[in-house]
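After this come two complexes, each holding chain A, first together with chain B and then together with chain C.
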Partner chain A sequence: MTAQAQLRKGATYQLQRGYRLMMVPALLAVAIFAIVPLAGMFALSFSDYHLIRGTNWEFGFHNFAKMLADKRLMNSIYVMAALSVLGVAAQVLIGSAVAVGLQKITGRWRVGRILFLLPYAVPHVAVALIWLSLFTPTLSPINAFFDVFGITVPAMLTSQWGAIFAIVVADTWTNFPFAMLIIMAALQGISPDLEEAAAIDGASRIRTFIHITLPLLAPALLMVTLFRFIDSLKHFPMIFVMTKGGPGRSTQATNFYAYVQTFQSSNVAYGAAIAVMLFLMAALISFYVAKLNQRVTS
Partner chain B sequence: MIDNSRQFHNRRRFGLAMMITLLVFAALPTVWVLVLSFRAPVAIFEPIWESPTALTLQNFYKITRSDFPAALLNSFITAGLSTTFAMLVGVPAGFALAKARLSGKFIASWVLLLLRMAPPVGFVIPLFLLYANSGLIDTYLGLVFAYMTLTLPLVTWSMWNSFAQVPDELIEAAIMDDASLAKAFFLIALPAARPGAVAAAILAFLVAWNDFFYALIITRSGTTTAPVAVMNFISYDSVDWASIAVASIALTLPILPLMALANRYIVQSLSGAVKG
Partner chain C sequence: MKHLLSTALAASIALSTPFATTSVHAADEINVLMFGMPFTNGLRDLADDFEAETGIKANIDVVGQDVFESRIALSFTGGTGDIDVVHTPVIQVQRWIQAGWLQPLTDQVSEETTSDILAGPLGAYTVDGEQWALPFFAGVGLMSYRKDLLEAAGAEVPETWEDMLSVAEKITTKDQAAIAMRAAPGQGFNMFIFPMVMRAYGGTFFTDYEGGDFTPSINSPENLEALNVYVKLINDYGPAGAGNFNFAEVNAAAQNGQIAFAVEGTGIISQIVDPANSRFADVTGIALPPGGPAGRSPAIGVHGMGIPASATNSDAAAQFIEWAVSAETVSKIALAQSFPDFTTASVADNPEVVAKYASIHPDFLSTRVAALDLAIGHYRPLIPEWPTLGQAIGESVNAAINGLISPEEALEQAEADMRDILGQ
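== the complex of A and B ==
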């Protein structure tokens, strides 16, 4: 090895060490702010800790065994699935429709985009309160408007599917712009030549859309769906503000149920076990997203 | 040909009708909140077309007399501090992750994503017990710590993406010229990634600003943030809708300019994964 090469190797070593040093604060911070609470969550999930009774230091799988037989947990999973599937589908559909529609709008009307983006800026608590007011029959301008024509709009928040519908509407209102933004960016990346060429070849608009546009949009659609789906597992402010999980338990999604068990019924250990289940779901989905991300970036 | 053009017009009309419907859906709640915030309390349950002149500024005045402004200040302090800390720690880490020769980068990206996506209920249960036993409940410090679980993964992940777009040659050339790594970072990489850094800070601030869950559980009256304080306008037997409308506007207005700056970046931060 020449002296120069040796020198360069030394420099590279130093450089890599420099990089590692830059990561140390973040590693420490992640250890303190994330790993410690997560370890706590796992430890609690195997314990018998109760907010009032404390603990008898009995550790085991009893919380997880209890989960298997818990009808309220099963119900919460159904609710979560309904909220996620309906919400994400509505957001992706409306987001795509608006993105495609806005693409056709040119000139000064383009400013109108802001009207579609605005809901995304409203904090979730405010979103929930605004829609709570719109779903309150004595107050809502929607009810007042239809009353003029003698039509009585039913109270949404008093029936199971009505309440689920109400939460999905609020969630969709604030999150469809996210889907819209991503799909708009993806549409801009598609060369109009491709669609033109297909049209010249005699393909109908629908066929062009299915065979040319849609496959090119697929990665964006997949990403939006995954990101929105993960977020929808975390539903909290809307349920808390609009329905408190009711009527009955009909909008008690799993995340909310974990909160109820922990902070209302004081079953901390059981709440932690439910949180572990949710965490493992998030781990699976994020693994898939990280894989997707790695494939496109490398 | 004639048939074709009629078809074209029908499709246009359908498209326009759809866009207008969706516009009503998007804009109605916003317009409604504005109306509600100006409604005189006596007329609040009347349809607006029955008493269109029953408007007042009283609702805005009333809210300045409540606890809400203090809660807004708490929100600014905690969101600001947790963003600052996350930037101080996360920006260098993002740079190192983008440029270092490392094995285990995939694991790092997975962990960062997972921390960003994990349901907060899992973090909040142990934090609550920890805080209850160490006096951190209802303190700025406790809330800022909790927000770090939201802001730090976000900043690190975004900055990793931003620095990845700065050409390696730029950094290497600087190092070849005998610049230290710190110099290459501060004088070359950071200026090149500045738009990304601004956007990461904005996104982190928004996440903390919007939080409801952490604040609900680990704050009490002393450090309540605005999203939790709004709930005080709902009491057991009545709801102060006008104040809620004003508070919703107050919650949204400060972040509108931030959102306007960041919305392009929201796309970019994902487009690494969407480019396909």
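== the complex of A and C ==
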């Protein structure tokens, strides 16, 4: 090795060490804010930490065994599944439809796109308050409007499926712009030549969309569905503000139930065990969808 | 950039080091954590007065109740010592004491201060002979009623819940509901209101609370009768959607003239009868909440200030609490905010305060005092498990209101939940 090459290698090493050092704060931040709390949550989930009953610090699988027989937890999973499946489906469908529609708008009207992004910028608690008012018959302008024509709009928040529908609507309103953004970006990546070629070959617009655009959008659609689905497992502000888990317990999704166990019932260990279950569920879904995504992309 | 990175690194290490110092503020500075209410908002505005008087800087943080709960859970369980004075709802005090989260302030507050505080609310914070917090707020259950609607229906102000059923029937039409009450599930929501009906019919939570027998009695015939009345009033004589109402919706319905009666805490009733808030204020009267065969039991909710066990500056914290509940400070807040729920007795002698609330409604302060006289301290049981019990019972009661289960099933479910929570 020449002296010059050795010098260059030394410089590269110096540079790499510099880069590695620059990563330290980020790694520390991840360790402190993600890994340490996660490890703490796992440790708590195996403990008997209870704020009222006292704690003997005995570790075991008792919280996970308790879950199997906990009907309220099973109900919460059912509620969570309903909210997530309906909400994500609506968000992806509406987001895609709006993205395709906006793609066609050109010229100065393109500024109008910002309007569709606004709901995404509103804090979730504010969104929940807006929709709580809209779904409360005595406050809602929708009810007032239909009252003029003698039509009574039923109260949504006093029945299980009505309340689930209301939460899905609020969740969809604030989150469809996320799906819209991702789909729009994917649409812009599709070459117009493909559509033109299909048109020359005599394919209708619908056939072009189904056979050309949609397959090319598939990775983006999968990704947005995954992101939204994982995020939707964390249902909380809408439920907390709009229904408090009611009527009865019929909108207590799993994340809300973990809150009830931890903060209302002081059963921190059991709340942590539920959170661990949610974490593993999200990790498992991510793993399978990532594999699926790889297959679709390749 | 280099400086920024090194600062970030230092901050990260400080955060991750378990033996890093827990005291995060100087000795002449205290951190106060409260959740939003007229009194706490008023207190925040007076922080400079405290510093001018004592030389101690008070950082008063007033947050939403959900943020408050997360903050205290993290601070108390982690023993971080970053809070010196904490908002202490009476309903939580037993739980916090049991969890070792509070320190007693018996020896830190003077007789002069405590002697000017109403005995009921003060006593609610006395556990095992120690004083754990000083109260600043005592809200009681009251009833507002629309005089014009009662007159049109030819009805009198209902004295009992039974009377309320018949008056409500007379008033209710397709366009006019009779009554709204909190129905949303939660120990501070429907379980602030429903026990007023329960206790009027002789219902209780336990077989003998005062005698120490904590066998659940929520499925008693008295409680069933009360729940049937509560459900009927909300469903048959309440506005559409009343099964999910909380205090904000009750308040709005009353102010918009959509209901004739609201049974609520003083904080909401004072807004309903205030001409500055409600256009129906001039035709709205105030009365005690209805009673029943077992008498009348207005709801009571007390809030105070305590010192966390992990607080590092407890002397300054106690000084702050004494200043906050002093007649001078409370009078200023009562004048600046809508705050008639004070617990410092001599504030009621302040002519400016009396004049202010008399101008809102002439009967307001006197009805409040009458309700306070009738209210029992353990309206909601003062035991560590109450927040858990109240949540569970509230969920069952709400399920009955919304027809998910029958009132009988709701009380059986609540009874089973209570036994489970209490380990019986």
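What we mean here is this: the second predicted complex is superposed on the first by the 279 of 298 C-alpha atoms of A that agree within 3 Å, B and C clash if a C-alpha of one lies under 4 Å from a C-alpha of the other, contacts with A are read in each partner's own complex, and residues count from 1 in each chain.
What we mean here is this: contacts are C-beta pairs under 8 Å (C-beta built on N, C-alpha and C of every residue); 3 or more make two chains touch, one makes a residue touch a chain.
Since the model is a prediction, treat every value here as computed from it, not as a measurement.
Following the overlay on chain A, a clash is recorded for the pair chain B and chain C. By the touch criterion stated above, A:85 is placed in contact with neither chain B nor chain C. When the two complexes are overlaid on their common chain A, residue A:186 makes contact with chain B while staying clear of chain C. Of the two partner chains placed by the overlay, only chain B lies in contact with A:286; chain C stays clear of it. By the touch criterion defined above, A:275 lies against chain B but remains apart from chain C after alignment on the C-alpha atoms of chain A. Looking at the shared chain after the overlay, A:124 reaches chain B, while chain C stays out of its contact range.
Taking chain A as the reference, the larger set of touched residues comes from B, when chain B and chain C are compared. In the superposed pair of complexes, A:250 makes contact with chain C only, with no contact to chain B. In the superposition on chain A, contact is made by A:25 with both chain B and chain C. In the superposition on chain A, A:178 contacts chain B only, with no contact to chain C.
Applying the stated contact rule after C-alpha superposition, one finds that A:137 touches chain C and leaves chain B untouched. Put simply, of the chain B stretches 130-138, 148-156 or 166-174, the part that bumps into chain C is 130-138. On chain A, the surface patch touched by chain B in one complex and by chain C in the other comprises residues 22, 25, 29, 36, 125, 138-139, 240, 262-263, 268. Within the complex formed with chain A, the chain B residues making contact are 15, 18-19, 22-23, 25-30, 32-33, 35-36, 44-45, 47-48, 85, 88-90, 92-93, 95-97, 99-102, 106, 109-111, 113-130, 145, 148-149, 152-153, 156, 164, 175, 180-182, 185, 209-210, 212-213, 216-217, 227-228, 230-231, 241, 244-245, 247-248, 251-252, 255-256, 259, 263, 266-267, 270-276. Interface of chain A with chain B (complex): residues 11, 15-16, 18-20, 22-23, 25-27, 29-30, 33-34, 36-41, 43-44, 49, 94, 97-98, 101, 104, 112, 115-126, 129-131, 133-134, 138-139, 141, 144-145, 147-148, 173, 176, 178, 181-182, 184-186, 189, 216, 218-220, 223, 227, 230-231, 233-234, 236-237, 240-241, 255, 258-259, 262-263, 268, 271-272, 274-276, 278-279, 282-283, 285-287, 289-290, 292-294, 296-297.
Taken in their complex, chain C has these residues touching chain A: 5, 8-9, 12-13, 15-16, 64, 66, 69, 73, 77, 95, 98-99, 184-187, 189, 239-246, 249, 252-253, 256, 258, 384-385, 387-388, 391, 395-396, 398-399, 401-402, 404-405, 421, 423. Of all the residues in chain A, the ones that touch chain C in their complex are 22, 24-25, 28-29, 31-32, 36, 51-53, 125, 135-139, 143, 152, 154-160, 163, 240, 243-250, 260, 262-266, 268.
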